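Here's the structure we're looking at; comments come further down.
Here the chain labels run A, B, C and D in written order, and each chain numbers its own residues starting at 1.
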Amino acid sequence: MAGTKFAYVRNFELPDPLLPDVFLVCRLDGHSFHRFSDEHGFVKPNDERALQLMDHAAKSLMSEYNDIVLGFGESDEFSFLLQKRTNLYNRRHAKILTTLTSYFTSCYVFNWPRYFPDTPLRYPPSFDGRIVVYPTEQAVRDYFAWRQADTHINNLYNTVFWALVQQGMQSTTEAHANLRGTVSAMKHEILYSRFNVNYNDLSARFRKGSVVVREEISPPSEPKAQNSSAEKPSRVKKKVKIRTHVEILHCDIIGDEFWGARPNILSQ
Amino acid sequence: MAGTKFAYVRNFELPDPLLPDVFLVCRLDGHSFHRFSDEHGFVKPNDERALQLMDHAAKSLMSEYNDIVLGFGESDEFSFLLQKRTNLYNRRHAKILTTLTSYFTSCYVFNWPRYFPDTPLRYPPSFDGRIVVYPTEQAVRDYFAWRQADTHINNLYNTVFWALVQQGMQSTTEAHANLRGTVSAMKHEILYSRFNVNYNDLSARFRKGSVVVREEISPPSEPKAQNSSAEKPSRVKKKVKIRTHVEILHCDIIGDEFWGARPNILSQ
Amino acid sequence: MAGTKFAYVRNFELPDPLLPDVFLVCRLDGHSFHRFSDEHGFVKPNDERALQLMDHAAKSLMSEYNDIVLGFGESDEFSFLLQKRTNLYNRRHAKILTTLTSYFTSCYVFNWPRYFPDTPLRYPPSFDGRIVVYPTEQAVRDYFAWRQADTHINNLYNTVFWALVQQGMQSTTEAHANLRGTVSAMKHEILYSRFNVNYNDLSARFRKGSVVVREEISPPSEPKAQNSSAEKPSRVKKKVKIRTHVEILHCDIIGDEFWGARPNILSQ
Amino acid sequence: MAGTKFAYVRNFELPDPLLPDVFLVCRLDGHSFHRFSDEHGFVKPNDERALQLMDHAAKSLMSEYNDIVLGFGESDEFSFLLQKRTNLYNRRHAKILTTLTSYFTSCYVFNWPRYFPDTPLRYPPSFDGRIVVYPTEQAVRDYFAWRQADTHINNLYNTVFWALVQQGMQSTTEAHANLRGTVSAMKHEILYSRFNVNYNDLSARFRKGSVVVREEISPPSEPKAQNSSAEKPSRVKKKVKIRTHVEILHCDIIGDEFWGARPNILSQ
């Protein structure tokens, strides 16, 4: 058959397994979102609708792929942690990477009208992705700390910058020049003294980014019948399938509290 | 600054350059499209609208990424050839792979309503992707021949199968059983004798798949003024930027004719 | 200059860094040592001289490359553990792998006459090598347990097999047939009842393989002068460079004792 | 059995196949040969014995591994070309790389006494290796041209440098300073005018490096009996196994002549 003669070309498809027993972090970034946000009139410095759309796509992705145990997003990027022992697609690198990237993109476009009902998409947005392998719990925690520290740095800068431009009537060039070399405390001070803004009163979504987790759903209280059925104790021991629900938080993930409360994220 | 302390995690991002001077083929496949086509009422064995939507996404991708010199699609898959010397994203594997996969997905969802005006998307579709490296022109030609031979085999089978089911009133199990072991000529014969269908009269899109190429646009005839400006002959020699247009064909790409007429595809 | 025009070929040399912060195990195996041992009259089932030569090469390798923290050898193979944080050759895969393989080979040939003074090398022996990446301490321990368990299995089999052949006057075919399906206890029993050999009395080198470690050298007692210099206490705190010596043991490395006594192997 | 429980560690051994149908170049480099040549009294700028030993090792390697179709060496490095279609060790990267590196090293040490009968090896020398993949004939030719151009550049420099030091009584610092910025013609001139040396009269081995090829062995003239057996013409057609012999040349491999005369090197 015709197919057979050409099928040797499959020999060029080389295997690409990811190392077993290490954490996988998949990070997606919006492609040319500077232009995309301009073309679609995103509010500066933060567009609540655009961030909610990103969160929605992340939540959908995690609902579809149970092996993702944590998500963290800011601006036009999102990182996802796959559990150490995941055997998703036999840990084939390209298969995992492209499937997650594609589904996230699809969710973003699919749900656009819900968040931008009056702003039709002018052209199709896209994301690039990469998978980074982390061998230790510490490195995973530091990865997410790195992203959240980045959120803080960027958001503080952007908040002052746009205040100078939008309310201070500076040109963007002037605003950048004024901020050059300023440390964090000085930026807080500019916001407070010139614009009467207390940075810490801003929305936690803007300051902390979005943390997507699976939270356990409290089981409904046990039906009485079961308690009274003392004659079948063995059944009580059956493994209870814990039901979870994907939730979005805007909390600190640099300190220990978040991780201490959710030991499953790293131990699975 | 907080970011600095954690930034070491970037050391885990290892380089992934693709070998220079080899052809890159990126193949995208619909994820669970069997279910997707059922849920969205795709016509069997071929849904003209769905194929046109795939073609549209492919055309958009090639219009956006000039380094793609050929596309070939059938059913829910599409393959794209990047020219040997492409330096797209410095030939970084994950960057190229995810960007193309994401943009194609985005175009598919974005353009859905144009082809399915009465069938809203029920959920976000997705695609997986892979890049395969081919070192020789022969291997590239054989790769595309392999896909088109596959198109033929699948389409012939599906055409007879659905004729048996839809017009022959067979169950799908019966139809599969009847076709087991039949060679190509027998399938043609069944179509002709039982359903009065000449397979070769079917739409070329179904039989040959979709071939996406850049065709040169004939330049408009030279304005007279330029010819008369005899004093500036050197300008006439300036390199003419050839303008191209992405077109969709449904022709044979197994034989030599297609390639002979388009030497640029492999020589670039 | 002529060199410049061709130097582009270096672009084909792609980077090959190993993941940071994971253990590296380099395993070397004799190439066609079945024939090599025959040609050089190795004593069966174990040739003390040949094993000592392997040990010597391993010791030399570890003396030259301080980042190797453990070696384990049996028969014609040796495994070496590089510490997690090694930055040897910037963790370039091929560079580390080939340098270790080459130096080990060189030491083997160089030291041959010391162990085989009456048997000149008839042809150059060689080894192949591979590096395997292990992310966790458990996996490293299990790797070495795997090799030592293999030593045990092979040595018990070979010991009985050669007793049947050499003392029992069986052909090799008969001996293999007799041993087929026998479990460990049965092999011990054959040795004891037929050849009056208590397996556990055999040399530990044969039963346990060779474990190569760095043991701390006790520093010489402090010279008095230093104790009396009470006026310079700060100097006493200077970091003492611990001197080590590469040693060969034939002990169990499957249980906890070995590792518990040498926490540095895994923690470095 | 104990082995089974630990055998999961083999899952960490990931596949490393090299791309099919591309040329493989394996380059070996002496490790710290600056020191090695000093310790063993190599003649400067070129030690005939040391070069012959390298050639011997290369020849042995090519006699052992038929898939190597070309070797080129200079100083303490050697490059080997494996034919495009080689299936040596199923094209496993580490296996091929380490086996060639190890065997070459072994041959070097093994044959040392033949070339340095009065200079015992003081310590074991080693080599590192790498495999580079080349997809086209042009790239392979340019790779070898790059190495031979390098031989020329280095040898010319070293020849003048050591003449200045050994005969000109300059310190090495002075000699380097004098040569800084000189082009090729100036170096020729210094050699000729100051030391009466015509560079082109130097040994071709020094100027061109060593080219190792398989040359066909002329079959002995046909025995008459065969010619007369006119009744069995079919036997004459049987495929003649061409016998080859590994030879060392010191010729130009940058121009077309060498390759034109040996089309098999690139076409196999």
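FYI, a contact is a pair of C-beta atoms (placed from the backbone, for glycine too) under 8 Å apart; a residue touches a chain by one contact, two chains touch by 3 or more.
Please read these numbers as outputs of a predicted model, since none were measured by experiment.
Chain pair with the larger contact count among B-C and C-D is C-D, by C-beta pairs in contact. At the far end from chain A, in terms of centres built from Cα atoms, lies D.
Averaged C-alpha coordinates give centres for chain B and chain D that are 45 Å from one another.
Separating the CA-averaged centres of chain B and chain C is a span of 53 Å.
The distance from the centre of chain C to the centre of chain D, each centre being the mean of the chain's C-alpha atoms, comes to 31 Å. Annotation for chain A: residues touching 2 or more other chains are 12, 19, 21, 133, 139. Across the complex, chain B meets chain C through its residues 11-12, 14-15, 17, 19-21.
Interface residues of chain C, counted against chain A in their complex, comprise 19, 21-22, 133, 135-136, 139. Taken together, the chain D residues at the contact with chain C in this complex read 1-3, 6-10, 12-13, 28, 31, 60, 94-95, 97-99, 101-103, 105-111, 121, 123-134, 139, 142-143, 145-146, 149-150, 152-153, 184, 254.
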